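Two complexes follow with subunit A in common, the first pairing it with subunit B and the second with subunit C.
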Partner chain A sequence: MFRQAPRLLARATSIMRARSFSTDLPAAPTSDSSFVEAWKKVIPNIDAPKTPLSFMQPRPPTPPSIPGKLTVNFVLPYQSELAAKEVDMVIIPATTGQMGVLPGHVATIAELKPGILSVHEGNDVTKYFVSSGFAFIHANSIADVVAVEAVPIDRIDPALVQKGLADFTQKLSTASTDLEKAEAQIGVDVHSALNSALTG
Partner chain B sequence: MASAAGSSAAVPFWRAAGMTYITYSNICASLVRNCLKEPYKTEALTREKVHFAVSKWADGKPQKPTIRSDTPEE
Partner chain C sequence: MAMATLRREGRGFIPLISPNSINAARSSIPSEDLVPQGARSISTQVVRNRMKSVKNIQKITKAMKMVAASKLRAIQVRAENSRGLWQPFTALLGDTPSVDVKKNVIVTISSDKGLCGGINSTSVKISKAVRKLNSGPDKETKYVILGEKAKAQLVRDSKKDIEISITELQKNPLNYTQVSVLADDILKNVEYDVLRIVFNKFHSVVSFVPTVATVLSPEVVEREAEAGGKLGDLDSYEIEGGETKGEILQNLAEFQFSCVLFNAVLENACSEQGARMSAMDSSSRNAGEMLDRLTLTYNRTRQASITTELIEIISGASALEG
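Right after this comes the complex of A and B.
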């Protein structure tokens, strides 16, 4: 039985080698070459029309050595907070805990929980409170953070936070249906995160 | 082939209660908006305004639409 193992393993790995990992892809193409060639065969006199692919900025190739800075794009639905800003590190509030992202971080998709996002550039630290969202860290040291609401910490009113926390803790104890309990729990989580953002 | 484990992933409490991620995310965002200091709070609440009209169709004709709107009807 084990005599077959090397042959089966070799077959499995050769199938996997047909696809490359996203960590070492070359730059993405800017035009669909097979479409352009097929067009030229049929209509050689007119230029092929542009496809959406040629209007997009191509994905840059993964650099062979780790870049010195992390490029961060931090967007909200109504505004772009940081656009291609080069920083040293960002700490994102992932559901699995505070995650520090340095240049050369492994490609990751992280769901964010309500918490503080801090952007470290030299000696400056800018902190935002993020309500929830996602962070996509690509292999070429570009991080895209998308959130629904993100506010600098000094715009949060401590009195409203305390009141909200008290309200929702009370709602949690009196909630009856699953949905009410879930909403009250969300309220408690968000307000406690806001509280620790103000005091921490 | 490899479907031995059915749905063994731990679901977050809101999904277990029947809520979708978008609902969860919007609730979190509106709670944060309600805890802002004054000039920012009024700006943020304008961002929450929703306006949509939904019509169900029956026999190829739209029925009366239900309109959900935070802006006063003109």
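Right after this comes the complex of A and C.
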């Protein structure tokens, strides 16, 4: 019985140690070995700095069959709205129009225009108005949507949208320099997208 | 006989030598007026002044630690929320710090204010090392400096390599709009093949890890995609929107730079507050120890002066009678 004790104790302590203290450091940090080697050759006294690769969970490889669910990461500068959420479908507002993404979608890089992003999970649909950004759809049914601003649709005030649209349309007509024209055009685009998001 | 004389003479000195007055002398510290006229005493003024100033310094450093702790709490939440921002880009484009290019631009992020431990020196050391790593024939390295402290250190030996330097970044609370304007400025004015952002990533209140994040320019991305390796399967991605792939890659690179820079600036600000907390904490502790040592010296000096007074008085009294 006492012979087993160190083994049991070691197992218990290793389980304890496996719990990491930091909230978001990954379990398996990887690093670019060629960078570290090159660093050590030129600058042996200082430890090589870490690179973002060591702070990220490695992504799973492409599965042989199409998975049932799509994993969505929807991030904004101020928070991660959806982190690794399993959904059935997302519709993203790409510059070429609304694009539906299902599990097994071909790998795509899409630039986004102001519009509605809807997340379909079973029977729930959550709609967000996104300002712009990028969407990456990977071959392993993971979709990353990076947006600058996003609000749930129920937080948008229709009266302010109308007012903003009128303001910017007026600015567009009175704009003189290219810069002013471009800014006014952007304002008109965003507000008309907001308008159609609220009505449509 | 001497004792009898002392007792006779001692009556005249009772107000001074009686136990009550000695207790009073011990309890009230500034007690110069209890010294009889003409007797010398060692001055404790010097030590008392030092004690006062060390105590004030201790109060100040404790207050600075509290301020840094509250600022850290506020900004840590935002930094952790922004950590998801750069991950999609690294997932798509990979992380290639050992890419070989002609024009390197090193963006060094540091603080404006001092008293924050060694993080600024660490950033500058790593920047200089990255520059050395990427030096070679017809390769050039330029600096873009955010923050006063790195500018002060780098201007000494690399003045001609500094393209842009930006200070007073934290005058208004950090937000994405400000950082994206900054990123736009940098991208417009600096020619680059690769941007390397050097900052201190915040792990915990006592641990800050120097990190280098790499952002490639669209041309280098194309070149690496053709060459294969990590970016090799970039071609398998369909491009939606825009006219050409080049345009999309351009927008992508710019967006990636602003996102990575935003996260880097927030992490560095967290590291700055954390480093300041620990620096001020060790400073308060040192001040406390110094105060203890000074108190001992003060008490020894004070007791020595009382003893000297006593000796002088007693020897004076015994000289008078003898």
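Quick note on the criterion: the second predicted complex is superposed on the first by the 144 of 200 C-alpha atoms of A that agree within 3 Å, B and C clash if a C-alpha of one lies under 4 Å from a C-alpha of the other, contacts with A are read in each partner's own complex, and residues count from 1 in each chain.
By definition in this document, a contact is a pair of C-beta atoms (placed from the backbone, for glycine too) under 8 Å apart; a residue touches a chain by one contact, two chains touch by 3 or more.
What you see is a predicted model; the values in this text were computed from it and never measured.
Q: Touching A:Asp88 in the superposition: subunit B (first), subunit C (second), both, neither?
A: So A:Asp88 meets neither subunit B nor subunit C here.
Q: Could you look at A:Val75 and tell me whether it touches subunit B, subunit C, both or neither (first, second, both, neither)?
A: second
Q: Which partner chains sit in contact with A:Asp167 here, subunit B, subunit C, both or neither? Use first/second/both/neither.
A: Neither partner.
Q: Scan A:Lys50 for contacts with subunit B and subunit C and give back first, second, both or neither.
A: It touches subunit C, and subunit B stays clear.
Q: Have a look and say if subunit B or subunit C is in touch with more residues of subunit A.
A: C
Q: With both complexes overlaid on chain A, does A:Gly133 touch subunit B (first), subunit C (second), both or neither?
A: Both partners.
Q: If we overlay the two complexes on their shared chain A, which of subunit B and subunit C does A:Glu121 touch? Say first, second, both or neither.
A: The answer is neither, since A:Glu121 touches no partner chain.
Q: Check the residue A:Val148 against both partner chains and state whether it touches subunit B (first), subunit C (second), both, or neither.
A: In the superposition, A:Val148 contacts both subunit B and subunit C.
Q: Jot down the residues of subunit A that show up as touching in both complexes, subunit B in one and subunit C in the other.
A: Residues 78, 133, 148, which sit in both footprints.
Q: What does subunit A use to touch subunit B in their complex?
A: Touch residues, subunit A against subunit B: 78, 114, 129, 131-133, 148-149, 151, 155-157, 160-161, 164, 178-179, 181-183, 185-187, 190-191, 194.
Q: How about subunit A: which of its residues touch subunit C in the complex?
A: Listed in rising order, the residues of subunit A that touch subunit C are 21-25, 32, 34-35, 38-39, 42-43, 46, 49-53, 55-56, 59, 73, 75-80, 83, 94-96, 99, 106-111, 113, 133-134, 136, 138-139, 142, 144-146, 148.
Q: Mind pulling up the subunit C residues that touch subunit A in the complex?
A: Residue list for subunit C touching subunit A: 78, 80-92, 94-98, 125-126, 129-130, 132-133, 176, 180, 198, 201, 203-204, 209-214, 233, 236-242, 248, 251-252, 255, 259-260, 262.
Q: List the residues on subunit B that touch subunit A in their complex, please.
A: Those in contact with subunit A are residues 13-14, 16-19, 24-29, 31-38, 40-41, 44, 47.
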